[in-house]
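For clarity, chains are labelled A, B and C in written order, and residue numbers in each chain start from 1.
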Amino acid sequence: MKKRLTFLSVISVLVLLFLAACGNDSESTSENGGESDGGTDETQSGSGEEVELRFSIWDSNQESGLRQIANEFEEQNPGIKINIEVNGWGDYWTALEAGATGGSLPDVFWMHSNEIYRYASNEMLLDLNDRIQSSDVVEMDKFPEGLKSIYNFEGTQYAIPKDYDTIGLWYNKTMFDEANVSYPDDTWTWDDLYDAAKQLTKDDGSQYGILTPLHNQEGYYNFVYQNGGTIITDDKVSGYDDPKTIEALEFYVNFVLEGLSPQEFGDGERVTHLQNGLVAMGFFGSWNLTGFTENEYMAENFDVAVLPASNDGGRASIFNGLGNAIAHNTDHPDEAWKWVEYLSSEEGQTRQAELGVAISAYEGAADAWVNSNDTYDIGVFIDMVDYAQIRPYSNTTAVWEDRAYERLNGAFTNDKTVEEAAKDAAAVMNESLSQE
Amino acid sequence: MFNYSISKRKPTKRQVNEWFWGWFFIAPTIVGLIILNLIPIIQTMYLSFFRTGAFGRGNVFIGFDNYVRLFNDAQVWRATANTLLYTGLVIPISISISLVIAVLLNEKIFARTTYRTIYFIPMIAAPAAVTMVWKWLYNREFGLLNYLMDWLGLGRVDWINNPNVALISIVIIGIWSIIGYNVVLMLAGLQEIPKDYYEASVIDGAGPVSKFFHITIPLLSPTLFFITVTTIIQSMQVFDFIYMMIDVASPAYDNTVSLVYLFYNNSFKYGERGYGSAIVMLLLAIIMIITVLQMKAQKKWVNYR
Amino acid sequence: MNSTRKKLYKSIAIHTFLIIGAFIMVFPFIWMVLTAFKTVTESTSMNPFVFFPSEWRWENFATVLEQNNFIRLYYNTLAMMFWRVVCGVMFSAMAAFAFARLTFPGRDFFFGLVLFQMMVPVQIFIIPQYLMVDALGMRNTIFALVFPGLVSAFGTFLLRQFFMQLPKELEEAAILDGANIGQIFLHIMLPLVRSGLIALGIFTALFAFKDLMWPLIINSEPNSAVLASALARIQGAYSIHYPQLMAAAVLAIWPMLAVYLVFQRKFIEGISTSGGKL
């Protein structure tokens, strides 16, 4: 009796659960369409007087500048209110994923080259083609071709470039003066970099000449492209086993092996090494500018130069840019577009540059950005655009970037040769590319 | 309390009355758990048989392929080993340390309220801030620990990135953060032990050690059992500290990655929720086996009065 | 004479042990507080190693307070903690009593369900629960924050252990007096597991306070955030201002410490009353 009862209750609960699970499933899929009406009443409280837009971003450094732009926009467009939501990089994508799955994305949000494929191919973003065409202020030819095409999926523009970034060589002037080494400039080659790193390294371990961490965008990618190598070919095959790539990696890793750079694998620690005077040179992107300017030690001692050229003169700096996108199911497509339109107009782009938020992607607006900061010689970031190389990406960038990291770290700890590590990385990367 | 066996006899009115009280009392919790937790668990189980598209769309049924892949994935087995090793280190060490502290703090000693507060403090800290501080302490170049190592004339240790050391560093944080939890529970359990038991034993001439093993441990066993079961489950699900300390790029990643970390990366970073779900199922199976074994073993050592 | 000396040595040994332990426990927090007063440079300086800030700078706190609506954050956090404690403790106590002291069909099965739920990592619940709250149109509300904590498997298991420890004679006597099961639960059993209830209350409040991922995702608007999720946001994306982060962490922690101190007294009072009765 007891046994049978238990058994029966197990069965009935399982059946119940299964039904509930299925019911829940169909509910959540149908919601994607239906939710938009339901959401309207809630967020807008029916009055229709004022529209609140959720604008989601991941860089807290840009929040205050964007807030100011939003205030100006709100003044020009009474009835629209912009609520900025900031999350750190990792949480940003988790939250966006939940929003996309549940049908409640923010109205306007940033897009990145690593993620655009997933969002665009699943129709999570609003098709902007018609709106761009009929707009008076958005001129797509004013944006760099490479950036535009990141956010163009099968002929549809899903986001408009907001800004771009390049990577610079940050150096500690005081340390250079002490060691009597002349500052880096656009005549520098890899040999100069190596010599300087050697002279700037102190034997007692209190100071390293350079920081070459295991980091792609702000690290070895730049060297790979300077050397004529590649990370991913046009046919979506890994370039890690390209001899030119391996050669660049060998040069890069060698700094660590020779003790000219500390071994570093953590993301946050890299900046700290610069800020506490452990390293004399480091590679960092233009988006760090606000943080670097606020830091007293760096403002006092540091400046930035273009990246050195390879010994045969090859130049490159990794180039990437964010885009502003609109949710496919936003309740306020017109208002959301107004905001994106403003952000993408010459006026909005110039404001963003003047306020020092980021290097505006709009042609000519970058000069205003250069003038926004007199602590560092940040014109170099613009100078590098001529030979900048778009950050390599494909449909599953986040996967193969991690896989490559897992294989490459052995080279930095000298557990395997750079060549072995690079070939391993190529193999796992190709495996993951083949599943796209 | 009313321990009649439900036999072939027709239940008495009193029994039926007790049944209804029982169902009534558990109803809110059970209904809540079914909605909040069981449905998601079943969905996860279901998803583990699919290659999932992004955002819950375009799932393709692939039978046991995710599980086949799982069994051939060396990283999953390393993660299993790491998770078990972490649990195997944290549980015995943290429980024995906590037990000593709890017993001492249960005596009427000077400043015990202050001690209680201090030992409890690690529990309050948000993991994000705590891990940040530990990361500092451990930092190879400017961390306090290596500063002390230098000062003592010992070599520097790469606490975070050395594959042979990193797991130990994480175990230390794990122990540090769990001691407060254990001590609070043990103190609550110790209060339930009547004083006269000890008084009687003193008359019998028992020393402190004998009191500890013959009175404290047996009478505290229900609490100890609870602590063991819950902390094993918690440790098997270790994620926060590792996630915040060890980047995928770190050479120590393979030696520290836990099953939940792998699940997280697959589900949220790589967009492979199906495979991530299969990893959770593996973890669930392991935890279930361990817990069932504990439930069976409890009859041997846990004393309910 | 000899025995008092022995006692003294013993007490010195005990205190030495406890003080070393306490130091290890509390050191990261001392570090946190000290860092909150430093400049960025001091906070990571190695050569020379900076232990104390050169001056006590309150501006880190001022900046953090200025940029975040802490009043709102305290309110949201406390409301979440309060409701999770009330619901969690009440429902858990009921269920735990039934599992520990009553016999009814399906008891072991349902208790199995409770345990089973604890074995699954919380991360898998986030997206399904998000969809539920979203379907109710309740994102960015206090209800959304409380939602996953409405019932507690952990609490049910914890209190069951406490109820199991009570002697059988208690209820038998009450039954003879003609009390029904509800009365036994309310008037006899609940007061006896007071320390368990308080322990569960403390843990529930703590877990709620530390819950990060859920509030971050479900309450994405800054005005409906809680301390933990706001802290994670302050951490920002790339460049990190350690002293400000630590100032925020200190601001987030002190109310918890205060709440604990208040409850701890109750906790200790619980010792003398319930301990004496048995």
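Observations on the model:
In the analysis below, contacts are C-beta pairs under 8 Å (C-beta built on N, C-alpha and C of every residue); 3 or more make two chains touch, one makes a residue touch a chain.
In this text, all values refer to a predicted model and were calculated from it rather than measured experimentally.
Looking at the partners of subunit B and subunit C together, the chains they share are A.
Top-ranked chain pair, ordered by C-beta pairs in contact, is B-C. Chain geometry summary: the mean Cα position of subunit B and that of subunit C are 15 Å apart. Separating the centre of subunit A from that of subunit B, both taken as means of CA atoms, is a distance of 36 Å. In subunit B, 6, 34-35, 38-39, 43, 141-142 are the positions where the chain touches two or more neighbouring chains simultaneously. Looking at subunit C, one finds that residues 44-46, 105-106, 113, 128, 132, 232, 235 touch two or more other chains. The set of subunit A residues that touch two or more partner chains comprises 2, 5, 13, 24, 28, 94, 97, 101, 268, 272, 276, 278. By the touch criterion given at the top, residues 39-41, 44-47, 105-106, 108-109, 113, 126-128, 130-132, 134-135, 137, 139, 213, 216-217, 220-222, 232-241 of subunit C touch subunit A in their complex. Only residues 6-8, 34-35, 38-39, 42-43, 46, 53-58, 135, 139-142, 158, 160-161, 247-251, 253-254, 265, 268-271 of subunit B touch subunit A when the two sit together in their complex.
Residue ranges on subunit A touching subunit C, taken from their complex, read 2, 5-6, 9-10, 13, 24, 27-28, 31, 35, 38-39, 42, 54, 56, 58-61, 83, 85-89, 91-92, 94-95, 97-99, 101-104, 106, 206, 268, 271-272, 275-278, 287-288, 290-292, 294-297. Those residues of subunit B that touch subunit C in the complex are listed here as 1-4, 6, 15, 17-23, 25-26, 28-30, 32-41, 43-44, 97, 100-101, 104-105, 109-110, 113, 115-130, 132-134, 136-137, 141-142, 144, 147, 176, 179-181, 184-185, 187-188, 191-195, 222-223, 225-226, 229-230, 233, 237, 239, 260, 263-264, 267, 277, 280, 283-284, 287-288, 291, 304-305.
Those residues of subunit A lying in contact with subunit B across their complex are 1-2, 5, 13, 16-18, 20-21, 24-25, 28-29, 93-94, 97, 100-101, 118-119, 121-122, 124, 214-215, 262-263, 265-269, 272-273, 276, 278, 396, 398-399, 402, 405-406, 408-410, 412-413, 415.
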